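Note that the chains take the letters A, B, C, D, E and F in the order they are written out, and that residue 1 is the start of every chain.
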């Protein structure tokens, strides 16, 4: 009845300042745990699927706390390996108005970056699974992590599991050249490719007409051009990108463009007042995966994904806590935010 | 010198999540106590009148805490009966942007719903009072509470006290049919009838042209048509309704329409950035009651009420803490929010 | 290498309610310490200059806490005198939407208002300094404080230090007549004069065409007219004013007008979503001082100051914590608030 | 490898005041979720067993939050039924010194009290289980809950699962007479019977010499006498009782007495400085169950249970978060509380 | 039915650091409002009497917040005058172990210190009152306040109201000489005189054998000697003193000695683990007043007062929130602190 | 006038759970920054000396926050190098009663462990200094850090600066063998050697009779024997050790033993109720350094150090915030913890 989706990646301890404080001002941190693939697993559990998250965490109370956080939201954590040096950390300072949010990463030597393929029984992990999802962050962590990602993708394909990847280029983790080399190799095992605004070029090397992402203007034609190139090269079944228009740190426009090799579909656009935008892309990915697994059709799946991820911006933390019902109400056109009694 | 206003209803323990957290995310609740009629009594005390709130609370520390909360804001609590099973509770999760606020009620078997008429000495309670106010929530709690409401209204009328009711239909408490039957009986004792957007139809059965409240568009003609029918059937002295335009959970348009049997008056409209919209309707009711008691005339009373309730949206908690001076400044046209030093 | 800027004034304990609570609602206060000149010293340290703040605080743990707060942000506190009765306090309730922020001052008998000139060794204090800044608040505290301010200005000028003043009229501290008399005397030692919207008239007696500051409309011509009069009378090298357009307590327009005796320059205008607007004027002053010390030229210095102070509105507390890099990015045109990873 | 233990009972929302505040003083509640059997399941998960908790919670976000809380600590929640009116609540005010902690229950009409036997597939629930535990609170909730408890005990016995019960008499839930009648019926299915100081008499009607529990003096002979009677009547395999000596709300003595039908064993006594004593008895029960499942022998199992539950008093919340390693260190004699680096 | 007790004095804003933080460490203050006489009025309300507190607070939101705080706990605030400069403040840092709590007073120019006798209608205030209580702090605030205290005492006596005073010498407010002069004048109107360990000597000039209060040893004979002298000189009906033995900031011994002119009675002694010891003396005074009003007899009244004030040490804030029932249980001998369910 | 003391070592971000929560329970961390040598520098500033702390922190907001924390408490941070990978972190869970505090270190690759000697101008750093202090933790961080420590010690000795070291063996950082080799080399530059209970043996290889530190019994003779051996081998001027008796995580005995080559001195012992014991040893070291610099003589310096460090246990955070006055009062025999008004 419930459908199993496996995701693989890093879960980090997130330490964020409360009440718009700067790092230098704060005397407390709010704690949550997140990471692209963990966020996807959590959101899918929230929709009723069986989200299984695969990673490695240190065998100490901080690693255990990460596991507990994921379990709280229903994620199956039984395949998480334990050991290694540390849990990666990221520090977050939430911006407002023209002040950008700041992220300070402290993720070097995270347990997952040192994990061996042999620590994971992919045959068992993918048993009964319908989907596998990962992101371009995981292979960027280390060569070992790249090899692990490739092994997982291969194993998934071998089991007939649909695969998706969110490109998610992180310039602090690797060079464009390295990214291009590794991601090109990985993409041969990918069915559904999701990018955000800057990834296709940096990660896969596809060039489009300039989109100045700081201006909040979209260059749809550029995207379409790149999508066509991506389809041609990798034969992806679907290609999707969220389209964020950053009016300010407080208000964004949010929509998505998808492509099935034949047609492009540009979703409805939402203007969101932001509570916490971290994890916005992950909530789109999980929404799209949900929609496709539920066989909504690409357009409805996209509208589901965009509505879901618009809602994500209103929750603190990395994970999307929107309910199925809420997503469907918004997707159905009611953005009035009237009290639900 | 000070004027006594009596209100009758339920006061609940309100438990709300901080910082836009979902229920599933929070490890603390912010506490306040509220309820339509308690909120009205509190706001009137704030304006210098003598607000007397009549209810029943359990004889335990939670009931006492509700009393203490009301006393803190000046409400006369001497007629509150003690006993019964429990204090009603409601859980609140404040929404943002397209995410609606969620309310979970846990109010069954509240002490007030089991209260006997004999527990209240209405003769003494209404002694010296100039106004009595209640809402459609109180009779919806139970048959006993409906009987108590009717007894109070009758006692007020017998003492020459002006009466008002806020229709406030709550679909989880009773059916439309039951509501219509009871409220029709109660309205014969009512001088001033206040509704919000959906109540007149559900509670009293008056049909107007469709107003799709989720779209944020007002259907003033529909309201006027309904008001005329209400006037005709019940002979209310004044009929009033707030007009909420829900752009999102963060931003609303806010105005009011009033009718004195001759003329309609549509107030100035405010666009409010919302801190906490719960109690918005109650703050309008208390503002209107204040204006009418102070003999401002209907238009000014309405502008006072709309300005007061626009300000309510900027305070956390159910109760309106706007001062007389602040309401008058806003009513006078200064919505600039400049620092008051 | 680092450049020394001296400021003189009061530092107060600031007690603010959290989460938009009213004073009557709160059971905790957030603590910070601030004051016009202290805020300027702190912001300049943040930009890499050597901010030295001169004041007097009581010789008790509250006074020490104020010193510690300033030291935390790099301010040189070695010339702060200790003794006197108390630290001034101000209570702050942050407004939202049409609700104005409220400030309650409790600053009478603050240590600085009773300080003797002899408690400060201005010869040493100004040794190596390039700039001295104070505000119209300091001389308003008491006759002694006015004498101290004058002594400091004289000493600065004698040492060849550039001087600036922010007029900052506070009606609760002194009358217009007294202000005019004292400030006229002080302004003879001033090179750069900064005002906000209402100060030039109240403090120095210059009349312009009406600017109704509550309407959010700017009267640039009126400002220009006044600036010319100010230039003529006092021979200031630069005159500057921030231009705040109060759309509401949540949203303001923010720009500045400067005058060098020849030309007027009206900066870019920012629409800011406000986290905390206290200290906005001080952050403009510190930005302008920084720009002029760094010899950016008046226009760039002004754009730097306006960008810096626009950012200030997004930080809690009185002090500006924007980094040089952030100010320059905003000044360069990127107000998109995109996450900095 | 991991051993499955099933527990059945109520999980409640616990709302506690922070920092020793009285109910009338607090403006926030700390949230946790607990209940005797849920606490046992959670502690066993913590020790590496497979704790499965069976209950019914309302199908709303409050019920979901309870489930999430349990999942966070590893409890298997798959058999929890959803529906019914509400989640039971208890309010807690933690005492200190001679001030007792106060508990206000608001648990009437909790979903579990209305649950039908047919909502639980005990055949599946007990599949693979080695132990079943419940308490005297569950049958006290309602006749339906008593029938459900009996059905569960019967099903467990039929499957060859060891059973235990903690008598836990709650005078606000039922009369002694009713308790005696029901518990006598249930005890025929019980292998291990755990009481606390007052339960054996009130619940099962066994009389001993007076133990004035308010004096903090133990009456071991009285306990022994009662244990013998219990053994004789019900043939329990093991009978155990914690022995709490309440020196004050801050400091307690803590030990246990066990009986295997032949010998009595009085454990080591710990003097505990209390952080939160709620759940102390449950942590003893879970420790004893763990020890017996691990075949430690009764004495070691008892010492394990007493050490575990002594540690429980140092954690906030109902559940025991002591690790296996910590319990074993304490059991081994090191109560020095030295920092573990 | 309810008995009216009037108290007169100062209510201050109390700002305390949380979690044992030093002033220099904290970024928040916990807020409460207190003062000797306000604390007495509040505790008496808590016991069911009618506590009426007379003071003057500034006509601003801080003054209003003090009133609201008192109302919350049932105090009749209708005779509180409004106006003057400011509300007195005191800063509190709670100590632990050998670290003493620190109090920093900032109470100069408090509104009550400038209040005129004519602002209070004592005829009305004492109408129906059975008791009047004040402390030696109030006359120490200023000459005006001393005159006000004298006027109140005279008015009370003229109305036949029993009077009590708590000597409470504060060395920062006045000299021993001034204290002696004023207090000697006031004591002629006093029926019941309460001191703490150091007051009788400093305030009234009675010398006894040395009691080194820092050693935690009591010098009962010295007390008795002083009490006899006090009785002889002033003819007090009862003289009482709490006896605090400061083992450390965390643990104190607590008892009392009373004298009726014939016999001395030394109460039971409690060893208290301290949560907040501020207001300990006031809670004794209110307990004694309650006991005497209820005609318990001096010994029982004393035991009531000591038990009540022992419990006070377990509540945060200045006011005693112990219930009548709790005091009676403790007075009856149960200090076990067992959970009350 | 003020005397300069230089310390060298690591400053870490400390993340601790509030309110005795376990790591797995908490959703917030309290933040402070600490490390043995930083704590010493801070405490010395608190006593009026000039504490200069030398380290390296990453050039990011987390590194800056560490600097700001130190500056807040007066530490001279001008010689702190910037760069490297990250700031070391340690996670702290404060224990109670028999539950030990837990520390999880995450300090690998901290900036200071990779610092080059050339990043520090020791000639300038030691200019005017009277004392240099470091600990055995710093050389344990890495070979580079050991070399840096040696360079600093040599430079200090070359400048005639008195040197001290706190042995502080950390088993997670290096082996006993490595520690012995490096520390033996470093100790040739040391004048004053401070150990705690386990260090002399593990770090320097001196064997004494068994002291079972978990039993809370002291083996003074064993210490004396070891001190003599240390004196003989290294010729230290003074050798000192704190003597902690761990009754529980809540209560400890605390004294010290010192040796000047001729005589042993065992200080007064304090029984401390613990708020936060981290940094206890550092506060002893800073107290001893202060006493010796102030030429108190060894016995008084030791009593000062023990009193100071006993007080440290009552402050949250790593640093000692006891004032000179407080230490002297305690040293003088008043441990009564009476309120200081």
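Just so we're on the same page, a residue touches a chain if its C-beta (ideal position, glycine included) is under 8 Å from a C-beta of that chain, and two chains touch if they have at least 3 such contacts.
From a predicted model like this one, the values you see are computed outputs, not experimental measurements.
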*If you line up contacts by residue number, which pair in B-C, C-E or A-F shares over half of them with D-E? Let me know.*
B-C
*asked:* Can you check which chain pair, C-E or D-F, has more C-beta pairs in contact?
replied: D-F
_For subunit A versus subunit D, what separation do you get between their C-alpha means, in angstrom?_
42
*asked:* From the mean C-alpha coordinate of subunit C to that of subunit D, what's the distance rounded to whole Å?
replied: 62
*So which bits of subunit B are touching at least two other chains?*
22, 24, 27, 68, 72-73, 102
_Once the touch criterion is applied, which pairs of chains come out as touching?_
A-B, A-C, A-D, A-F, B-C, B-D, B-E, C-E, C-F, D-E, D-F, E-F
_List of subunit F residues in touch with subunit C within their complex_ = 68-69, 71-74
_Residues of subunit C touching subunit B in the complex_ = 19-22, 24-25, 95-103, 105, 170-172, 213-216, 246-251, 277-278
_Touching residues of subunit E toward subunit C in the complex: what are they?_
15, 22-24, 26-32, 60-62, 64-65, 68, 85-87, 89, 91, 93, 102, 104, 106, 108-109
*Provide the residue numbers of subunit C that touch subunit A in the complex, in ascending order.*
18, 72-73, 270, 272-275, 310-311, 313-317, 321-322, 326, 330, 333-341
